[in-house]
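What follows is a pair of complexes built around chain A, which joins chain B in one and chain C in the other.
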Partner chain A sequence: MRREPPRSLADYAPLAFPAIMLLVFFVIPFSTMIAVSFFRRDPAGFYSRDFIFDNYERFLSAFFGGVLGFSIMLAVIVAVVCVIIAFPFTWLLAQASRRVQIVWLVVILSILSLSEVIIGFAWTTLFSRTAGITNIFVWMGLMSEAQALSPNFGAVLTGMVYQALPYTVLVLYPAIVRLDPTLMEAARTLGSSPLRAFFNVVVPAMRSTIVATLIMVFVFALGSYLLPQMLGRPQHWTLSVLITDQAIYQSNMPFAAAMAVFLVLMSLAFVGLTLLVGARKGGEA
Partner chain B sequence: MTKIFETRISRRAALGAGLATAGILAMPSILRAQDRSIKVGVYGGYFKDSFDKHIFPEFTKATGIAVESIAEPTGEAWLVQLEQAARAGQAPADLSMMSQVAMLKGQATELWTPLDTAKLKNAGNLLDQFVNKYPDGRVAGIGAVAWYITLVTNTDVYKDAPESWAALWDEANKDKLGLLALVSNSFLLEVTAKTFFGGTNALDTEEGQLKVFEKLAEVRPNVRLWYRDEAQFEQALKSGEIPMGQYYHDVTGLAAADGHPVRSTFPKEGGILDSGCWALSRASQKGEEAHIFIDYMCQPEIQAQLSRKVGTAPTVRRDLLDLTDEEFAAVSSEIDPIIPRYDLYTSKSDWLNQKWTEMIAG
Partner chain C sequence: MSGLQLQDLTKRFGSVNAVDGVNLSVPHGTFVCLLGPSGCGKTTLLRMIAGLEDPTAGAIVLDGKDMTGVPTHQRDFGMVFQSLALFPHLNVGENIAYPLRIRGVDKAEQKKRVDELLNLVRLPGLADRPVAKLSGGQRQRVAIARALALRPKLFLLDEPLSALDAKLREAMQVELRQLQQSLGITTIVVTHDQREAMTMADLVVVMGEGRIRQAASPIQVYRKPSDAFVADFIGMTNLLPLKGNGDLLGTNFPSLGMAVGSAGGHLSIRPEDVRLVAPEQGTLTGTVTFVRDLGGTIETFVDVQGVSIVSVTTPRERTPFVAGDAVGVRLPVESCVVLKG
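Take a look at the complex of A and B:
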């Protein structure tokens, strides 16, 4: 198939639909949010049109800085753990027979059909003292007494990794399946052990895929607000939880919008940084 | 980034609700078909279902006025919708059940049509705290229903009922409590003030508020769950996973009646008494019907009916009710209640919210 550069205006027509979608569902809401973040909050009512920086000022405190830092750290850890688990898993999956692959992919897709609320409730039950997995350990004689495993940081991390893992596998899968098998064969022929070949050949060959996956999981995890609430203590609440509180319970839309703008900017900066580092490494190689 | 998409969804939902409202407003023919009618907003879910089943049909039978019930969201979203609709001269509901903080915020913009107590012969039955007034004395709203938040325990874990809110501070209860997560719905500042500082007047000054915050912060090691979602705590309370906390008296009573090992106790400092008011939007044309409806709802028989069928506490005086002691105890108590300082949640809401969040997350 030969690609021809578009010549007339009509050739650009197919672009109209995505452009309109992007405008209606991204540009307009996002611009509204930025505008609202400069409005004046009226504690006795709602908000009025204005152009003030109070909402951003309020955010610039040690407290919110800490919450923002925690949210980003949590999202980074979730992304890294997901990729560490999902990459070898997907690699092994790609080696398996077609039938096995299909079964696994269906199972993974079915996890995606669960809502965050159900995942949250399921993990709270699993981590509980009265009905949780520690009861099985007691029955097996591994523990002397059942105990609660939540709320704490580990519980939040487990829940979020569980939720993000299927996405990670599904993003990695197409790239890994397409990886040329002769690369691995060549490495083996030249005397490399399977493990060494995996780390010295497969992982570097997939570097850009891995970076892209990390970014996707990071952004996905940054928006999570239900699981930190259900499985964590207040110090594990992410910025998204506080945004929800302000928007829904305090009807303080300007401040909620300002926090959301901050969160988006920080995540964009983080993504930019990751790409920059990735590009530099790519240049050296 | 996910946040953006969520904003979009809620915006769509809001638009959808707006369109639906516009749709209802664009069909005056239906409203005209019935001779007299009124649109009444009540909290969606359990409340609306109970009112639709037990209260509204009886009202229509007694007065000939048809009721169209509207499910309203809790929180302040409904206030915002009413406010914006009123600016456009529309009333999505004539009468709405409004929380006390929302009543005060609506007063600030004169959203509520003042009610004429001369037309409400039953309003004299009400307890004083259930008449919501403008600063100049005009009546902005009349108590619709009241409910208590009390000290609840799992009976398997606690053989004896606790007697005081001070149990929340007891070191023996480390990591055993479930408390509401927001300053404006947990009313724990008021509880602390009444339990340790002699009354909610201790919250009059900023100095007093800080002192109360300091005392309240001591409760933190005991709290396992700060909940926003009621189902989360109710489940944990029933199973004994989180065996103590604050919760709604009516729902706990229902759970106990279903055989779950839970109990609700009115501590000696009193339960937290929260309530909703009937308020009339200034854009409504149904002032006459609204007065008839409110008057009907203030009758002792109807209040008793609400206590029996919906589980709410009566807003009229005890001596006028035909509730048995047992029925009364199921929904209320003679102990002087803790009445939330709603004024603080309008005048100092952002400051209190900030201090609260820093306290529990700190």
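Take a look at the complex of A and C:
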């Protein structure tokens, strides 16, 4: 298909709708939030118009720095674990027959229909001492007595990986299905065992897809605020939890806005860094 | 026994026999073309030899060693795929060095071999070029060089030239044949192009419906096709219905009747062997329906009793026939092949 550059104003018309949507649902709310982050908190009411840096200053403490660090670390681990599990899974799925693929994709899509709250409660039950999976381990003779597996870091991680995994598979699937199957066969005729060929042909050939998926899952996990509360201890709470706390329970909108802006900036920086590293490696290869 | 033997090789997909009891003996250093229409099982046969498909039955024996159960990566066969399957994340040199890297060949040795192979396929100095920046013909050569990097015992190519334009394809056929001869490597090429097979092969294996219809030298397949399928597939031919009593288009030839047997069959004659003469001098008579003058050759279509016979001549021996002329058709007996069935 030949694409011609738009010439008249009318040629830009199809852009109007997405542009308006973006303006109304992203640019305006985000600008409002940035503005609010410089406002002064009014303990009696809500906030009053001002231009102060107090909210940002308050954020620059060891406590909030630690929470920010933990949030980013958690999101990174979730992204890495998801891709490590989802990539081989999706690749094997792509080799399967059409019927098997459809069944799996339907199952994965149905997980997406579960709300975060339901996922949280389900895992709380599964990790509990009285009704949890450890009872099965006891029954199998693997453990001597049932114990609670939450709240702790492992529980938070499991819940978040469970929640993000369907997205990861669905993002990887189209790219992996399109990968030329003869690449793998060629590697085998050239002396690579199937496992080796997977790591030195399939994974490198999909590198940009993997980087894009890591970023997507990272951003997705960064916004999670229910699961850390349900499955973790306070030290496992992410910045999103604190933002919710400030905005809803403490009614400190300016401070919540400042934290949100900071989180956006940090994640943008992180995504930029990942792309930079990815691009440099791409240049070498 | 030296060389490659395929013994009763069969591949079944569900209820379909893609390859059905193939027996073939390929002496060392032979250039084989597997030729046939699409869906005849030639690619499946090649993939079984490479180990990419498991045979349902039968054996693959190379130099007396049974290779049937050996995994692909331990077979030491070089293969060029139709899609070429060059690794997009590696440059030309790294693609060619890939099999060497897998075997743990040291870096200096790898570089030496890559340069050697690039010279062999006439792409010297392109080692650092990204694969995406190559032309179709260059990619083809890189794929060949990569497949030859380990000095394989068997060189397999699956429709390797199908993506190239006609001119380049013809040039590559000659080059591939010369390369194979200089290396003396046993080579099997899958193709559906009979010109390609005639250009390159020592042994042409014509396949149809999963079976070998004929395996012989190119000229023998062309001159002495074993059945109507082969005669029709290899080049242009006139297949004339021949009755059991020797009746050919209304004229009786008792000797042909004896050759074909009572069930009848076909007489195959190549267009370049059909002579057009004055009506009273021919063994058959007919009417010219169309003349295609291609400059280099002239094709004359003659209708004899409702069957179209094509005659090809060069302008030098040009016969001044035009559409509507009555002509005599002469079929030299030494060029006729009687095919049963």
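Definition applied: the second predicted complex is superposed on the first by the 285 of 285 C-alpha atoms of A that agree within 3 Å, B and C clash if a C-alpha of one lies under 4 Å from a C-alpha of the other, contacts with A are read in each partner's own complex, and residues count from 1 in each chain.
Convention: a contact is a pair of C-beta atoms (placed from the backbone, for glycine too) under 8 Å apart; a residue touches a chain by one contact, two chains touch by 3 or more.
This one's a predicted model, so the numbers in the text were calculated from it and none came from an experiment.
S.K.: Putting chain B and chain C onto chain A via the overlay, clash or fit?
M.R.: fit
S.K.: When the two structures are overlaid on chain A, which partner does A:Pro151 contact: first (chain B), second (chain C), both, or neither?
M.R.: first
S.K.: Look at A:Ala16 in the shared chain and tell me whether it touches chain B only, chain C only, both, or neither; answer first, second, both or neither.
M.R.: A:Ala16: touches no partner chain.
S.K.: If we overlay the two complexes on their shared chain A, which of chain B and chain C does A:Phe30 touch? Say first, second, both or neither.
M.R.: first
S.K.: More chain A residues touched by chain B or by chain C?
M.R.: B
S.K.: Look across chain B and chain C in the superposition and give the shortest C-alpha distance you find, in Å.
M.R.: In the combined three-chain model, chain B comes within 32 Å of chain C at the C-alpha level.
S.K.: Flag every residue of chain C that touches chain A in the complex, lowest number first.
M.R.: So the residues of chain C in touch with chain A come to 50-52, 71-79, 81-83, 85, 87-91, 98-99, 102-103, 146-147, 149-150, 156.
S.K.: Going by the contact rule set out above, which residues of chain B touch chain A in the complex?
M.R.: 1-8, 11, 75-77, 79-80, 83, 104-105, 108-109, 181-182, 184-185, 224-226, 228-229, 232, 236, 239-241, 346-350, 353-354, 357-358, 360-362
S.K.: For the complex, give me every residue of chain A touching chain B.
M.R.: Chain A reaches chain B through residues 25-26, 29-30, 33, 41, 43-46, 58, 63, 67, 121, 124, 128-131, 148, 151, 219-220, 222-224, 229-230, 233-235, 237, 240, 242-243, 245, 248-252, 255, 260, 263-264, 267.
S.K.: Tell me, which parts of chain A touch chain C in their complex?
M.R.: Touching chain C: residues 180, 182-183, 185-194, 196-197, 200-201, 204-205, 207, 285 of chain A.
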